[in-house]
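For clarity, chains are labelled A, B, C and D in written order, and residue numbers in each chain start from 1.
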């Protein structure tokens, strides 16, 4: 039985807490949240206790922590958990500063605790099915990867100001998917982007519409298209063009209902946003984290995966600022 | 070079005339139509001559006739063509009276001229593809056949009064498709139907909405669903449930355009009606008719196929009138 | 907080127990199962106690019972629960004998306890979406209903012998869906069926392939197609042809992955069987049961719905035996 | 009646000759081809005469010419036609040298003859439908355009050596589509490409797999993905992401047949290649050319459209050679 502490009982923290309850191999011991009421409600619901960070890190019964608090706290909490010898499940990113990330990961390495960066898409049944078929070799070698990733609507200005911008908060998921599927580190990146949705996006100094091209030494390529606004819902598609065929995963509609009438044949929009679309992914990633601890075989998206995705986001920012293609050096850990 | 005469230069006659022009092995010699102006325009367009029936049947240069005139004329024209030794392409039906059909086909048999009943669906590339895969055995033996066949809107009352009603003018195509795909003559038929679209349908003593069940001795079954009104366009689908899988053909949309927005994901309606939907089928059936004459290997939907489809329509009428299941005896020619 | 006892901790009982755990308004008090080990494991997993029927019915803390045991026990358990004043959630059927059903429901009526027959499809998000759009009137009045319902493979002979056969164990779900969607009681039924899959089906005196036609007084019709074997997976589709358009719900694929290569474009099979396909439906039906108890507004598929579906199954058996259309009299309760 | 001469009776010339025969407003007078036998067969089939270029250009009865001969002859034939005052329909490109194109188009301008560059996709019913809906404003302003364009297999080395390479012979169609749909000239281009299919592609100094990003001053963007090998057939899709929704056109399958079995649900491959896929487009573009001559309102893809697409191809070559983003200056004619 893996005993857990939850840091942050907000929207994503609630998802993970519910999945802990469904997993027979783990147990929620503590809930930590700056909002005392939310902490208490969550603790009550799952028969856990409200606690302080100090209590959690001092309690030897705690095997692992789930870091679901705000980005600014991630690196500190990772470091404290590493020092305390706890396994770590952390929402992306480690930090928005690559230097801070490097320092943090060095400490984790030193203390040899498992660290899983929660890149949810790797655990979505559709993405995972595509990956399995690709790895099976039945469509040959990947030649080109196309990722369409669009949010239903732009986040508020306050979020954009603290998130690191489109590339660091949204595209970072696509960078991870690209690395995971390409099976080879990209060596160059070119980003083209503009602000076309809400006026405040430009005022925040950010962009909302982007095309990013990645190239690998072997000649494999990937292209990521992003938008902060898709009126038709959360758009999450991947297409792999390989030497022996094409693999693609499509959006998951809200229902399979179709309505045919004089206006045409209408089917349902994609599921609204990540909480619905990736519900199964969240369950599977928590299960994988626990399974890794139980079995001792850790095969997660790692801190280094988080670091590399951030390096790509940083390169995208620089490409956009300079209008030039950027080299990527992702091989050294 | 097969020399042809066209009887009836209306909507369907025009289709066949254009397909004659595209077929390198045949030539349109004569056009016969009660409307002199239409006859002349058609003749001019395809470098043919306007003629009377007597001229056509007396001219030894005429190898074959295309009967596209109104239903009431079919049996007479078939008989005159048989007597004159011309090959015959005839729009369905031979006649609405089964006795008249029997007499007419007896004469055709006696004079041994090729007779093709133009059941267009057998020549549609989609239907033909399904039939080929079914015959290949790759999905095993057919167990159940489902035919959905719906017109976009009810024909005018005048048409209904002379057409023989839903079963004899519309379902007759589905009866032919059912026999063709089942590969075994059905032995019983049950029809349930009602008048739900336009008031004049009921006033004409007809129905517009129907479910017909067919059973075979081996246990194979088929169900046909019909409507005279499909607001979303011409609905023409077939599903074959077989021991090793399911084959289905879907509607052909007007274009592949899809529009995704806040209302959902909208694709295009099926093609409007038979002239558009079966354009390729008309081309292929004319080609098959000519090819049969050229090669001497006649493998058409025959007069007997027309007769059997009419017997099924008559049984459907009787089933509806009595509320009882009707036996079918289609084996004897 | 609604306190529950679970009768039967087999496959379907486990599903309901897990959904009880996810519902914040109810609590599992007791588990009853003839298999002591299974009962104990289930009780342990959900912090409940193993008990006898007598204990459950005698304990005033128990508000409701979930009857998930074998069919033969349903009517007795319903009656004991009614006598004890417990709300009842029962898997279909009440019983295979219509007389027994009538007696049982009379007792339930007398004791005025809520009884929900767990017809899962009404709670599936896809079926429910179709029903909502139909009820909204946006596609006008229903004219024809088509239900395709096929199991992936035939159940073992032992099951068939005790289940009441195809119509009473499988089609009964489709009969309920038909009544629910038609919004009008059917007045006649014609069933055509045969045994085409496994030899033992015929040896058990049952059929595995069926077409059932239902007609209503208004002229509305429905057709149900069934098979005990669909090599491509669990086939569960509905199509509503209405005066202003067509509604349809399609199968839910195992994933959205599509593979395009020289053989064609391959997408995934429908989800394997009811446990996967109706996972959300099971969650929603349990939620609805609890919500009805909490709110006092019971709006379930009732015992009478179960009775009427059984009457239709009985009529289908008779239609098949006689080869004749059967009248249905479902209006009187 | 528009009298035409056909230059080049190869594969594409045959298509246009057949479409001339189907168009009631034009007539084929002459066929010119270096292969005397092919010229004669074509002339015989369509009741035209074999002729030399001198005869065609000297004959005042000739209203227009269809240039379907090899690329090297295009500019010369355009110039001779312009000097002779004939309307010109020309397969792309005008020439592979931009200087030669400029000189040629200057002469056309001077002699004020209609010149249509036969960019077939603009006339495909699916592309045209998308364009119409986009122009209607119902999905708002275009923000991002995605073009997937892949040939079924690489052309022979001999073709690659003379075609100008991937960007000038294949992507040039996509460049035209991008300009047509964006409604604004792109101002920068970045091309990433590699040779991943056949060894001889690299040996010819060409590439076969490419991603090209285009940006406009307003912030609109486009991305084109290309491959010379798509094992699943000719892949021709467009997606328009706009402020109020997404428009997309999908491939046209060979038939609507779907096969569901234990392996999954298999549908048909896209139509094999351009002759099948764009059959309707060829018919519509010829009709548009004739209609423009008859009506005097010329609204074609022009010589300048051909020139701009070539400028984009040249920029793509330079981007690939330098690894740098290239500016585009397409505004001046």
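The rule is short, and it goes like this: a residue touches a chain if its C-beta (ideal position, glycine included) is under 8 Å from a C-beta of that chain, and two chains touch if they have at least 3 such contacts.
All values reported here derive from a predicted model rather than from experimental measurement.
Q: So using the touch definition from the top, which pair is joined by more C-beta contacts, A-C or C-D?
A: If we tally the C-beta pairs in contact for A-C and C-D, the bigger total goes to A-C.
Q: Please flag the chain sitting at the greatest distance from chain C, going by CA centroids.
A: Max centre-to-centre separation from chain C belongs to D.
Q: Angle of the rotation mapping chain A onto its copy chain B, from a C-alpha fit, rounded to a multiple of 5 degrees, please.
A: 180
Q: With chain centres defined as C-alpha means, what is the inter-centre distance between chain C and chain D in Å?
A: Averaging C-alpha atoms per chain gives centres 58 Å apart.
Q: Report the inter-chain centroid distance for chain A and chain C in whole angstrom, where each centroid is the mean of the CA atoms.
A: 39
Q: Please output the residue numbers of chain A that touch at least 2 other chains, ranges allowed.
A: In chain A, residues 231-232, 244-246, 259-262, 268 touch at least two other chains, as defined above.
Q: Touching chain A in the complex: which residues of chain D?
A: So the residues of chain D touching chain A come out as 143-144, 146, 148, 150, 188, 190, 192-197, 209, 211, 213, 215, 218-221, 223, 225, 227, 229-232, 235, 241, 243-246, 323-325.
Q: Could you list, by residue number, the parts of chain C that touch chain D in their complex?
A: 231-233, 253, 260-269
Q: Could you pull out which chain D residues touch chain B in their complex?
A: Those in contact with chain B are residues 18, 21-22, 24, 45, 125-126, 129-130, 133, 138-139, 244-252, 254-262, 268.
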